[in-house]
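One chain, chain A, links the two complexes that follow: it is found with chain B in the first and with chain C in the second.
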Partner chain A sequence: MNLMDWHRRIERHTGLLVFGIIAVTSVGGLVQIVPSLFQTSLSTPVAGLEPYPPLALEGRDIYIRESCSVCHSQQVRPLLAEVMRYGATSKAGEFVYDRPFLWGSKRTGPDLHRIGGKYSDAWHRLHFMDPRAVVPSSIMPAYRWLAERDADTGGSIQNRMRALQLLGHPYTDRDIYFAPQRLAGKSELDALIAYLQMLGVSRPEGG
Partner chain B sequence: MPELPSSFWGGWIIVLTVGSLLVLVGLVLSVYFFDRQPDDHAEVVWDETLREGNHPAPLWWFWLIVVLLVISVVYLLLYPGLGRYRGTLGWSQGHQLAHSEQRYADEFAAPHATLLGQSLSELAQNHLAMDAALSLFRVHCGTCHGEDAGGVAGYAPNLTDAAWQWGQRDEEILASITAGRQAAMPPWRMALGDDSVTVLADYLKVIGTQAADGPQYEQAAATFAGSCSVCHGASGEGKPALGAPDLTDGYWLYGSSVDDIAHSIARGRQGRMPAHADRLSEVQIRLLAAWLVSRSGSTLPESPIQSVRDK
Partner chain C sequence: MAAIKWPAAPTTYEDDVVLAFTIAAVLWSLIGMAAGVYAAAELVWPALNLDFAPLTFGRLRTVHTNAVLFGFAVSALMGTSFYTVQRTCHIRIFAPNLAWTVFFAWQLIVIAGAVSLFMGANAGKEYAELEWPIDIAITVVWVIYGVVFFGTIAIRRIEQIYISNWFFGAFILVVAMLHIVNSLAIPVSAFKSYSLYAGAQDAIVQWWYGHNAVGFLLTGGFLGMMYYFLPKQSERPIWSYRLSVLSFWAFAYSYIWAGPHHLHFSAIPEWVQTLAMVMSLILLAPSWATMINGIMTVSTARQKLREDPGLKLIVLSLAFYGLAMFEGPMMAIRSVNIISHFTEWTIGHVHSGALGWNALITFGCFYFMVPRLVGQPLWSVRLANIHFWLALAGVMLYVLSMWGAGITQGVLWLSLDELGQVRYGFNEILAALQPYYLLRLLGGSAFFVGAILMSINLFMTISGQRTVTVAPPTTSMRSPAPAAGTP
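What follows is the complex of A and B.
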């Protein structure tokens, strides 16, 4: 029986056809994705990487809510120009406590993966209130309302931390118990700045 | 993926990849070169002769597919793709980056060595170097200090006037950029009380002038001598080694009104210049420092008008 007969048989049996389509389209995933699920170098945190403390975790959720990743990526690619402008190349082990990671795919603004420590908190505060006050040519919108909104959203931070704890983030019960206190009196702006100041600061050795 | 978890997954990738390629080859060959046996039961025939697969696919498709197959085999030999096999070129993203960094370093080794050998004042005379420094400044410094280095009220000092909070000697400017600076003006409200703070702020508006000797400032002058002069100097001239600014030069980073000054005294100030050792090379830092030297004193001290308290 030659291949053309196989073709005919598959074409006339819907079940076989469905199975064939699934088999063929899964090859790419079986080669690219399945082995990487077992690749521990992708899921081992780099030295010094800590899970986000409550305030920064809240800031991360604000980053997601305000869709910052639409205009800012968080991945320094291994290209000379990027390394010279932004800093060391991003490594998989730096994103172990990012669920989901916020690599983004578009740079209307600059990459933010190595923003931590680049500016002082005071700069971020001025910049979020009025980006043009510090960078006259900036097209970034102002985020004034963040300064007026409370970062403490009434205990939901504990639920989020518990969910992450289930997924393997090394939060202790003590961390979770005291989380609302860490948010007390802080604005959403404080939280977002705390998150940005943590980005990319646990640089891998020699990276 | 040379860092695969085990040889099993390496084999898995090789078997699936090579297997897929072989199936593709078989499919192509069967379409072009195997006879079709008419299969009698229920084959659909249109227009008397037109039946499934009776017109061969164009032959240039065949050659196109052959070329693509050859390219994929050559690719899999040269580059990492088959399990743990690294490819004959030994290519990796990391190597490519290291290579381009090396090429960059080699290409500019001579000019960099020349630039590193020059003092800041020599560099400041070098127009090409200063052009480069200006673009560096705009990328790395202008976001805080302003694109013209004029500073931002209440936040980043003007770098074009003659006032240097952390010192204007070459090594002091270089240290400010390399390691950053952390100002530490403590809050004095608890220690001095609100009244004393206001009186002191009034006095600081005139310190360094003859008016400061007036009898109405006697109390403030005593407070200054007791609490402030340790850092800011006996006559308010500042101590660059501590980052304590000159209070007599008329430049007020955090606003020049009595209210602004009183706020600085009452609440303290902790301005921070981030370190740049990890972000800039030594040549870049020296170029920037030289550019600052060349701009220093080019404008008169001018206090920002905008008050940015409690922002």
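What follows is the complex of A and C.
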């Protein structure tokens, strides 16, 4: 029986075709994707990495809400010019508290993985209120309304931290208990800036 | 064989639901492209963000991708797959009520998705931004879609399952698998959840999803369309049946491996990246085999190719398919990806596929299908020809300007001066991109205007409607099998 005869059976049988498609398309995922889910070097934090404190976590969720990641990557590649421009190459262990990851796929704006500490809070504030006042050629949107909105208006910060605790982030019950206090009186802009200032600062030795 | 009792011939095909999907796809293409044009304009004139959160670039771009992918592309695939599966199985669709359920539920999902993204509910993964309640709804509707589609195949009155249906089938099965695995998350509230995976592992899962959603939706699903409508419209059987068999299985097997080429030089294991690069190069073979099969099929239909705007659109879309399928593997080579990654080059590649291939083949099929659904000739062939030229000019301007911008970024970002310092500041390079962004806006607008003309044309065709009901052939074809490759 040659190959085409054999195939003639598949294309006459719905179940065989369905089974064939599932079998053929599963191989790649099983061999390539599944092993990395068990590779501990990808899920071990670099020394000194802490889970995001409440204010920065709130800021990160605002970053996700506004889709900043469609214009900004958070991933420095091991290329000389890139390291000179942005800082040390990104390591897997720096992202273990990132759910979801925010590496991005497009740099309409600069990479932000090493933005922490690059500018003062005041610079960021000015920049978010009016990017073109700081960089005339900028095409980044202004984010004025963030300054007017209170952080955690939904009051869900404790639930969010508990969900992350469930997923293995080392928050203590005490951290969670005091979280609302850490956000009291802060605006969404404060939270976002707190997040940016934390980014990439706990880099591994020699990085 | 004699012992089996084939179902009696149904009286008509269920085509109203096909028409409903077609209209929805046209509307979503207009909405999605309007969002795309506006987003493109924001990159030229950032004041257009208007300090209004839902209109800011980040949110609007996400609405754009969701409206075109899940509104336009998926509605078009659902509609054409229902059209095709009935005609290639010679039977009325299995459970028409369920087909209608899929229609209404899917439209609600896309609307809810767009509204929630405007509001800022975003799961943060590209092409999987919708939050968990919508994700669950998608899973349920998708299963129903699968039941209707495979149910129709199971009760078919033709022995052989036509090649289009394998591609549509692979699209349905694989998208279900990808969606479920990638969307696993712990919910916090109705509008917020955290991914079950973190960091580098999340990245690997996400791009296994992201790349194969492109592979089995934007490539596989649309090849299902191609394999039915191209032979139909050119009145020629598929050139090589054997080639279509081989390229189908090679495509389904190798695409799945290529996802991590989106993560070159990132913190994921290097063997995963290298494997993805190799598999991306291998993928070139089945992809081009399919294109050659399509082009050879129409190669003798010269007369039709001159006169039929729908067929012209489909053939042009095959050329763009070939282009995107060549460019993709090139960009997957690590040394090329150094330049192209993170730049507008990717955007050019995306839209040479999305506009040149997906949108054009869909438009071509609609010009063929809608007149048959309503039993009226196309309202204006001339308008359709104008659409053809606007679309061609638009997509060329879009793709060329993004190549220019992308190579500029890719090269200048990495350029060092004699002292080993970064030669140009980020913002200097940004300022040089403005002309390209303007050209892209022009190209996108031309493409959009073309789509508006098509909507008018199809609307006029439909509103002159005579009711038709198309009946399947009455003789059972289950045996003997029809000649291979004839839909």
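To be clear about the criterion, the second predicted complex is superposed on the first by the 200 of 207 C-alpha atoms of A that agree within 3 Å, B and C clash if a C-alpha of one lies under 4 Å from a C-alpha of the other, contacts with A are read in each partner's own complex, and residues count from 1 in each chain.
One rule holds in what follows: a contact is a pair of C-beta atoms (placed from the backbone, for glycine too) under 8 Å apart; a residue touches a chain by one contact, two chains touch by 3 or more.
Since this is a predicted model, take the numbers as computed values, not measurements.
Visitor: Going by the contact rule set out at the top, does A:L79 touch chain B (first), chain C (second), both, or neither?
Guide: both
Visitor: Check the residue A:V27 against both partner chains and state whether it touches chain B (first), chain C (second), both, or neither.
Guide: both
Visitor: Tell me which partner touches more residues of chain A in the superposed arrangement, chain B or chain C.
Guide: Here the partner covering more residues of chain A is C.
Visitor: Which partner chains sit in contact with A:V135 here, chain B, chain C, both or neither? Use first/second/both/neither.
Guide: Both: A:V135 reaches chain B and chain C.
Visitor: Counting only touches as set out at the top, which of chain B and chain C does A:G117 meet: first, second, both, neither?
Guide: After superposition on chain A, A:G117 lies in contact with chain B alone.
Visitor: Determine, under the contact definition given at the top, whether A:Y97 touches first (chain B), second (chain C), both, or neither.
Guide: second
Visitor: So in the superposed three-chain picture, is A:T40 touching just chain B, just chain C, both, or none of them (first/second/both/neither)?
Guide: A:T40 sits against chain B, while chain C stays out of touch.
Visitor: Where on chain A do chain B and chain C both make contact?
Guide: Common to the two interfaces on chain A: residues 4, 7-8, 27, 36, 39, 78-80, 85, 135, 137.
Visitor: Okay, in this complex, where on chain C does chain A touch?
Guide: Against chain A, the touching part of chain C is residues 42-44, 46, 49, 51, 53, 56-59, 61-62, 120-126, 129, 150, 153-154, 159-161, 166, 169-170, 173-174, 177, 186-189, 192-206, 208, 216, 242, 245, 249, 252-257, 259-260, 262-263, 265-269, 272, 275-276, 279, 338, 341-343, 346-347, 409, 413-416, 420-422, 426-428, 430-431.
Visitor: Along chain B, where are the residues that touch chain A in the complex?
Guide: 1, 3-6, 9, 12-13, 16-17, 20, 26-27, 30-31, 34-37, 39, 52-53, 93-94, 96-97, 100-101, 104, 139, 142-144, 146-147, 152, 155-156, 271-275, 278-279, 308, 311
Visitor: Looking at the complex, which residues from chain A come into contact with chain C?
Guide: Within the complex, chain A touches chain C at residues 4, 7-8, 11-12, 14, 17-18, 20-22, 24-29, 32-33, 36-37, 39, 42-43, 61, 64-71, 73, 75, 77-82, 84-85, 90-92, 94-110, 131-132, 135, 137-145, 154, 156, 159-160, 163-164, 166-167.
Visitor: For the complex, which residues does chain A have touching chain B?
Guide: 2-5, 7-8, 27, 30-31, 34-36, 38-41, 78-80, 83, 85, 87, 89, 117-123, 125-126, 129, 133-137
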